[in-house]
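The next part holds the structures, each set out as structure tokens.
What follows is chain A paired twice: with chain B in the first complex and chain C in the second.
This part shows the complex of A and B:
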């Protein structure tokens, strides 16, 4: 599924517009960056509450192209800037990681 | 007046100093104070005697006001130098707290055009006074030792030994701002070599874990990548304090990271195990003077 379809189908809120559109094959849910680094598949969407810049560095290295920040957490500007540089989309949702994972799994 | 530069573009060593130093580490603690019942003349004499530019007016440990040299000049000018202090002292004070990082004090000097700020502790007692002079002196002192450390680390990495197929990056303790930069650069270089994504990712995982380990656990160090024809080697070398129990450190889930590190998503106890798992070769040595981890990756024959 394409990144923008994921946004529309799940009613996600993009943290910035005109993000790079990629093909999303699967998802990974974790708040531990080492876990993401070691175990997430490439072309995943990451479901997490870690709303900070280091999450983007980790995604970029792991080949993850989209992040969903759960539970309505605020995305800081330096995270958005880093995501733009790395071509990673960021979305936010009020849902928690459990509900978000369920929804993402359902449409992929 | 020109702003004092304080921003995230500053080199990490500067940022580390201004965010890690607290106001109490920098302020003057030898306080000369006067009571409000004295006269402005008393203030003037005390200032001259101790070469001060401002005197806090207190009642035991509570600050009531401040008389600055500007106030004394005015008092002399308008002829009220023999008036009581309480009539002319500045009562509207901007104060700082002793536990705040030094960066706060610098931004206050930027914001307000004052020569000094009184410093209170949590109990609202006056414990010091901070001026730009205090800040300059302390900053220079810390910059000197930081530069010394930097020079030493450069000497350790003799430039003539850095080959054209090598890249070297510095890491600093607790500097999460640039954590991941070395790995990102290494990944970019690998992409240029047209290696496949899976291979690049294995190298990226190891270099990122080793880089974060240095930021979280060590006093800082270097990440070196060596790009050979048939293999890629990453050498992570830090300046201590060393790993007391290597066996434990290599156990998945074992971590010595504190709560705030964990709240950032680090410290899961997977750093070294992850690096070892993805690498073809893994070597670790640790003593109090530092830890060196060497990982290598054999480039698949069909890609050479």
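This part shows the complex of A and C:
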């Protein structure tokens, strides 16, 4: 599924517009970024509450192309800047990680 | 001149710190163990640093006033300052930002702070190690450097609450130095200087790990400069 289809189908809120559109194959849910680094698949969407720029560095190293920040947490500007540089989309949702994972799994 | 330093020590204000760890007892013990420079670094608060300053002055040891902060990544970092007032002010911002519940002293230990005469003057309500601050490593670094402090990611090689355990890589930031528990470093430190500290929670652990600094003069600014420039020997 394409990144913009994920946004539309799940009613996600993009943290910035004109993000790079990639093919999303699977998802990974974790708030422990060393776990993400070690175990996430490439071309996944990361479901997490870790809203800071180190999440983007981690996604970049793991080959993740989109992040969903859950539970309505705010996305800081330096995270958005890093995501733009790395071509990683960021979305926010009010849902928690469980509900988001369920929804993502349902449409992938 | 060469000075022996241990810049990561907890007092009775940390829930995991032994109640015997009064600022006075820490300063006396550190002096006895041949340390010249020590820093008090309780979890997410600096309310014991004013009493620690008096205790260090009394013991004739150089005191540094710090906080061990849990970043939003849940990594522990040290912010060290010249004056207790600065540490207390930064500590208040950090404490306010803590996503933590109420402490249960029966379960997790007491969180008390003392006056110069070791009287308990208060108890901290939020559980100090029970949650992360909303500030990220880079935000905490900026807040620390803005106050002319020293910023050191603590024990980055520990299996929990470390940069290694939380992120798996070392973000490229303007750290003053990197804290390690073991040598050689298990991660690429990108040329940054490194130190080792005891992270003592009990009196008998003070100085268990330490380092020696080659400094021009015993002052906070010279200590900071020597750390940043890597004039460090690990003991």
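Keep this in mind: the second predicted complex is superposed on the first by the 108 of 108 C-alpha atoms of A that agree within 3 Å, B and C clash if a C-alpha of one lies under 4 Å from a C-alpha of the other, contacts with A are read in each partner's own complex, and residues count from 1 in each chain.
Going forward, contacts are C-beta pairs under 8 Å (C-beta built on N, C-alpha and C of every residue); 3 or more make two chains touch, one makes a residue touch a chain.
These figures come from a predicted structure and were not determined experimentally.
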**Asked** Taking the superposition as given, does A:60 touch the first partner, chain B, the second, chain C, both, or neither?
**Response** first
**Message:** After the superposition on A, what does A:52 contact: first (chain B), second (chain C), both or neither?
**Reply:** both
**Request:** May I ask you to decide whether A:107 touches chain B, chain C, both, or neither, giving the answer as first, second, both or neither?
**Result:** neither
**Comparison of chain B and chain C by chain A residues contacted** = B
**Message:** With both complexes overlaid on chain A, does A:25 touch chain B (first), chain C (second), both or neither?
**Reply:** neither
**Request:** Would you check which partner chain A:42 touches, where first means chain B only, second means chain C only, and both and neither mean what they say?
**Result:** first
**Item:** First (chain B), second (chain C), both or neither touched by A:34
**Value:** both
**Prompt:** Where on chain A do chain B and chain C both make contact?
**Reply:** 32-34, 37-38, 50, 52-54, 57-58, 61, 78
**chain C partner contacts - residues on chain A that touch it in the complex** = 32-34, 37-38, 50-54, 57-58, 61, 76, 78
**Fill in**
In the complex, chain A touches chain B at residues 31-35, 37-38, 42, 48, 50, 52-55, 57-58, 60-63, 78
**Asked** For chain B, which residues are in contact with chain A within the complex?
**Response** 8, 176-177, 179-181, 183-184, 187, 197, 201, 204-205, 208-209, 212, 264-266, 268-271, 274, 277-278
**Prompt:** Where on chain C does chain A make contact in their complex?
**Reply:** 72-73, 136-139, 164-169, 171
